[in-house]
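Same chain, two partners: subunit A is paired with subunit B first, then with subunit C.
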Partner chain A sequence: MKLLRLSCAIFAMSLKADLAHRSNILFQVLLSLAAAGSSLITVQIIFSRTDHLGGWTLHEAVILFGTFTILGGILLTFVEPNVLWFHQRVIAGQLDEVLVKPAPSLFLLSLGRHAPLGLVQAVIGAVIVAWGISLSGDAFPVWRGLVWLTLLAVAAVITWVTRVLVALISLWVPGLALDVVYDGAWQFGRYPVTMYRQPARFVLTWVLPVAFITTVPARALTRGVSPQLLGASLAFGFVAIMILRLVWMSGLRRYTSATS
Partner chain B sequence: MTRSLRLIGIYAHRTFLEWMTWRGFLVTLVLGQCVTPVLGFAVWSAALPDASNLSTYYISLLVVQLMTVFQLDHTLANPIYRGTLSHQLVRPHSPILGTLGTCFAERLWFVIIGAPVVGLLVFLSNVPLVVANVLLALPALALAMVVRFLFTLALALTAFWTQQAHGIVAFGATLTFLIGGSAVPILYFPDPLRSVAESSPFSAMLGLPAAIASGSLNRDQVVMGYAWQAVWLAVFLIVTVVVWRSGVRRFTAVGG
Partner chain C sequence: MDRTIHVHHLSMTYRVPVRQEGLGAALRSLIHRSYRELAAVDAVSFDLFAGEIVGFIGPNGAGKTTTLKMLSGILHPTGGDADILGFQPWKRQPAFLRRIAIIRGSQPIGGPVELTVMDSLRLQQLIYDVDDRAFKRNLGQLNAMLDLRTLLDRQIRALSLGERMRCGLALNLIYRPEVLFLDEPTIGMDASVVETTRQFIAAYCQETAATVLLTSHYMADVERLCRRVILMDKGTVRYDGDLRTLSERLSPYKILRVSLVGAKALDLSSFGEVDEAENGTYDIRVGRRDVPSVTARLLADFPVTDLAVLEPPLDRVIDRAYRTGVA
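Up next is the complex of A and B:
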C-alpha cells in the first residue's frame, strides 16, 4: 500500500512536470498516432495477400497489435525512464541515491521515475484493441475480457522484469549496454509468436518471453485460454519476479559506490 | 576541396579510434539494426511461403540498412542541446565536415561488425546472388546513403527549435521501416499505394537498392528508381542547407 501511494505521488509529480510543456503532449500524440496508423496499414497490406498469419486472422492480428501497443506504452511510461542507459549510472556510482532512501531499492531503481506522456500510446493501443473486436463482428464474452486484463497485468510484470534484468547485466559487465538489443527484440512482439520458425519461436517463448507478453493475452481475448495456460502464465509472472529479486540482490553485492 | 577531404579523413580516423572504446556497444547497435530486416523476412516468409527472391531481398535490405543508418540524433543533436556545437562553430571550417567524418567512422565500424553477420546469413541461406544485379545496385546504394544522410541530418537539426529531435529522428526511422520496403517490400504494396511508395524518399533510402540487387525490378523500374533518388537528393540537399542556415542563427550557447 505504501508503495502504491509512493507510486501515485511519483506519477502525479511527473505529470505536473510534463504538463508544463504542452507542445510535447501534442507532439507525442501525433507521433504515436502516426506510428500506430502506419503499423496498422502494414498489417492490412499483409492480410491483403494472405488470410492467415501464423494461424491468426486479421482481427486477431489487430487485437494482438493493440495489446502490443498498450504494453509498449506501459514500458515507455513506467520502466524505460528508469533503466535507459542504466550502465552509465553503474559506472558513475549513481545508484547510491536509491540505496539510501527509505523504500525498497528495487522499486526505486526500476519504477522510481515516470514519463506519463507514454500513456498516450497505451490509450491508442486500447482503441486499436476495441477496433479489432469490432472487426470480428462477434460478441465477446465478458469473462474473456477479464482474463485478457489479468494476462495483460501479468504481461506488464514480465515486461518490467525482462527489461530490468537486461539493464542489470551491467552490474556484472558495466561496459555492456543492451538497451538497443532489447528494443529490437521487443519488436518481435507485434506479430504472433506462432509465425516464427524454430528455434526463434522457442527463444521468443522462454528466453525473451514475447509469447507471454503479447501472444497469450491476445489469444485469451480472441479465442479464450485454457485454465492450465492461465495458471502457467500467472506462475511464470510470479517466478519472473522472484528471479528479478534474486538477480538484484546478487548484483547489488558487486556494486561499489562512488562515494565510499 | 582537397583540404575538406583531408579534414573529413582526420575526423573519421579520430572518431574511429575514439569509438574503439565502445566496440561492445557498437556490436549491440549493429545487432539492433539487423532486427527490422529479420522481422520483415519472418513476416513475409510466413505470409507467402512460396515467394521467390524473398531471402535475397531481405539480406540485401540488411546490407542497405547497415550502410545507410546514421545516429545523427546523438552525434549532432546532443552537441546542440549541450551547447558544445559552439566549439565546432568557431573552427575555421564547416562543422558539417566533422559530422561527415563521424559518419564515415560509423560506416567503417558497421562494415567491420556487420560483414560477418551478412556473410553468415548468405552462407546459411545459400541465396542466389547475381553479380550483374549487385553491380547495378551499388550506385543506388551510394545514392541511398547520401539521401538518408541528408534526411536524417534535416530531422536531427530540428534540435535547434525543439527538445524532441530524438523522437523526430526515431519517427523518421519508423516511417522508413514501414514505407521504405522493410516491413512490406514495395512490390507487395497494393496498386494505388505502390506507386506512392515507389516515388517516396523512403524507398529511395532503403528498398530500392535491395530490390535491384535481388533482381525484383525491370529496366524501366530501375531507371525510374534512380530518377526518384536524384530528385530526393536535390530536395533534401536544399532543405538541409535552409534548415542548417536558419538553425545556426537561432543557436545560443553560454560559456567557453
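Up next is the complex of A and C:
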C-alpha cells in the first residue's frame, strides 16, 4: 500500500514538473506520432506484398504493434528514467541515496523516478490497438480483452525486470553500458516471434522474452490463448521478479559506493 | 547518558587487483590475476552517547567516509560489529533507517532534481512515514532555522550550492533523525553559508539531543561544534578524546598576542619565538608553563595596550598529528 501511495505521489509530482514545459509536451506528441506513423507505414508496405507475416494477418500485426507501442510508453515512463546510464550512477556511488531510505531499495532504484510524458506513446499505442480491432471487422469477446489486459500487465513486469537486469550488470562490470543493446533487442518486439526462424525464435522467447512481452498478449486479443499459456505467462512473470530480487541482493554485495 | 552508537573492531577490507607495469604484465594479468588486501578500516572501536557531537577527522584515505557508510548501512563490513540505537546498521531495517540520516556536503540532495523542494519534502514525508502534524511542526522549525520560505517552490536543479545544502539539511531532518552522520557538510561553501550551517547544526543538536558524527577537513567546523574528536589515520583510530587535550599534547606552547604603544619594530625574541609582527602587534610562541611569567615580564617592560593568550590554530595542530602521529 505504501509503495502504491509512493508511486502515485512520484507520478503526480513528476507530471507537475513536466507540465511546466509546454514545448516538451508538444515535441513528445510529435515524436511519438512520427515514430508510430513510420512503423505503421512499414507494416502496410510489408502487407502490400503478402497476406501473412509469420502467420499473422494485417489487423493482427497492427494489434501487436499497438501492444508493443503501449509497452514502449510504459517503459519510457516508469523504467527508463531510473536505469538510463545506470553504470554512471554505480561509479559515482549514487546508489547510496536509495540504500539509506526506509523503503524497498529495488523499488526506489528502479521505479523511483517517472517521466509522465512517455505515456503519450502508450495512449497512441492504445489507439493503434483500437484501430487494429476495427480493421478485423469481427466482434471481440470481453474476456479476450481482460486476458489481454492481464497479459499486458505481465508483459510490463517482464519488461521492467529485463531492463533492470541489463542495468544491474554494471554492478559486476561498472564500465559496461548496455542501454543501446537493450534498445536494439527491444525492437524485435514489434513483429511476431513466429516470423523468426529457430534458434532466434527460442532466444526471443526464453532468453530475451520478447514473445511474452508482445506476441503472447497480442495473440490473446486476436485469437485467444489457452489457460496453459496464460498460466505459463503468469508464472514467467513471477519467476522473473524472483530472479531480479536475487540478482539485486547479490549485486548489492558488490557495491562499494564511491569516495566522498 | 545513553549510549547510542557502539562500534567494536569494525573493519572493511577491499580486495584490489594489482599488476606490474608494462604491456606484458597487463596481458599476463588477463590469465593470472593478482590481488592485494587493502584495509580501508582496520578494527575501529568507539562509543558515542546521546547528544554528543564528535569530530571524526583524519587525512584523505584515513577511512572516515567508509566508516560512516558502514554505520549508515550502505556498506557491509568485512569484520567487527556495530550497534546503533539497538540495530545492526547493515541489516538496513526500516525502523533503523527512519532514525538516522547521512548528509554529504558534496551531494546534499540525492533525489530527482526536477522536483520542487516542497515536493521533495512531501516525498520524504511519505517515505519516512511522518504524520501531517509532525511534518508541519518540523517544517515550521526548519523554516525558522534555515529560512526556506523562498526556496520551497523552486526546482532543486536551479538551487545554488548553499541553497542545496540548506534544503538537503531540511530534507534529511524533516523526520527528526536521532543520529546524524555529517560528511564534510561545509565543503565548497562561502563563509556566510558555512557559519549558517554550523549554527544550524549546533542549534538542531541542542534542541533534539541528536548524536552527531562529523567529518570535516575544515578544522573551524570541528573547533566550533565538537568537544571530542576521533582521529583516524590509515584505517585505525589514533586518538579518541577531548579536543583541547589533543591540542595541548601536540602543541606544548600557546600564542601570546600582544599590542604595544607605537608602531616601531621591537626585538621580543627574548620572550619566545615571534611568529608574526605587524603594526605593533606581535604573536609570540611561549611554552604553556611559561605563559604567566612571560606575561608578567611583558607587562612590566613594555607599554602594552592589549594582550591575549591564544591556543595555537587547530589546523596546525592537526597537520602535525597527521604528519608525526599522536604520541
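We take it that the second predicted complex is superposed on the first by the 258 of 260 C-alpha atoms of A that agree within 3 Å, B and C clash if a C-alpha of one lies under 4 Å from a C-alpha of the other, contacts with A are read in each partner's own complex, and residues count from 1 in each chain.
Here is the rule we use: a contact is a pair of C-beta atoms (placed from the backbone, for glycine too) under 8 Å apart; a residue touches a chain by one contact, two chains touch by 3 or more.
The shown structure was predicted, so the numbers you read here are calculated from the model rather than taken from an experiment.
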Exercise. Does the superposition put A:25 against subunit B (first), subunit C (second), both, or neither?
Worked result: neither
Exercise. First (subunit B), second (subunit C), both or neither: which does A:256 touch?
Worked result: second
For this session: For A:200, select first, second, both or neither according to whether it touches subunit B, subunit C, the two together, or no partner.
Result: first
Exercise. What is the contact status of A:54 with respect to subunit B (first) and subunit C (second): first, second, both, or neither?
Worked result: first
For this session: Would you sort A:187 into first (subunit B), second (subunit C), both or neither based on which partner it touches?
Result: first
For this session: Identify the partner contact of A:175: answer first if only subunit B is touched, second if only subunit C is, both if each is, neither if none is.
Result: first
Exercise. Does subunit B (first) or subunit C (second) touch A:113, or do both, or does neither?
Worked result: second
Exercise. Of the partners subunit B and subunit C, which touch A:39 in the superposed model: first, second, both, neither?
Worked result: first
Problem set entry | Broader residue contact with subunit A after superposition on the shared chain, subunit B or subunit C | B
Exercise. Which positions of subunit B touch subunit A when the two form their complex?
Worked result: 24-25, 28-29, 31-36, 39, 42-44, 46-48, 162-164, 167, 171, 174-175, 178-179, 183-184, 188-190, 193
Seminar exercise, completed: subunit A residues touching subunit C in their complex are 2, 5-6, 9-10, 13-14, 16-17, 94, 96-97, 99-103, 105, 112-113, 253, 255-257, 259-260
Problem set entry | Residues of subunit C that touch subunit A when the two form their complex | 14, 65, 69, 72-76, 92, 94-95, 97-98, 100-102, 104, 106-107, 110-112, 114-116, 119, 122-123, 126-129, 155, 183-184, 215
Exercise. Taking the complex as given, what residues does subunit A use to touch subunit B?
Worked result: 21, 23-24, 27-28, 31, 34-35, 38-39, 41-42, 45-46, 48-50, 53-54, 175-181, 183-185, 187-188, 191, 195-197, 200
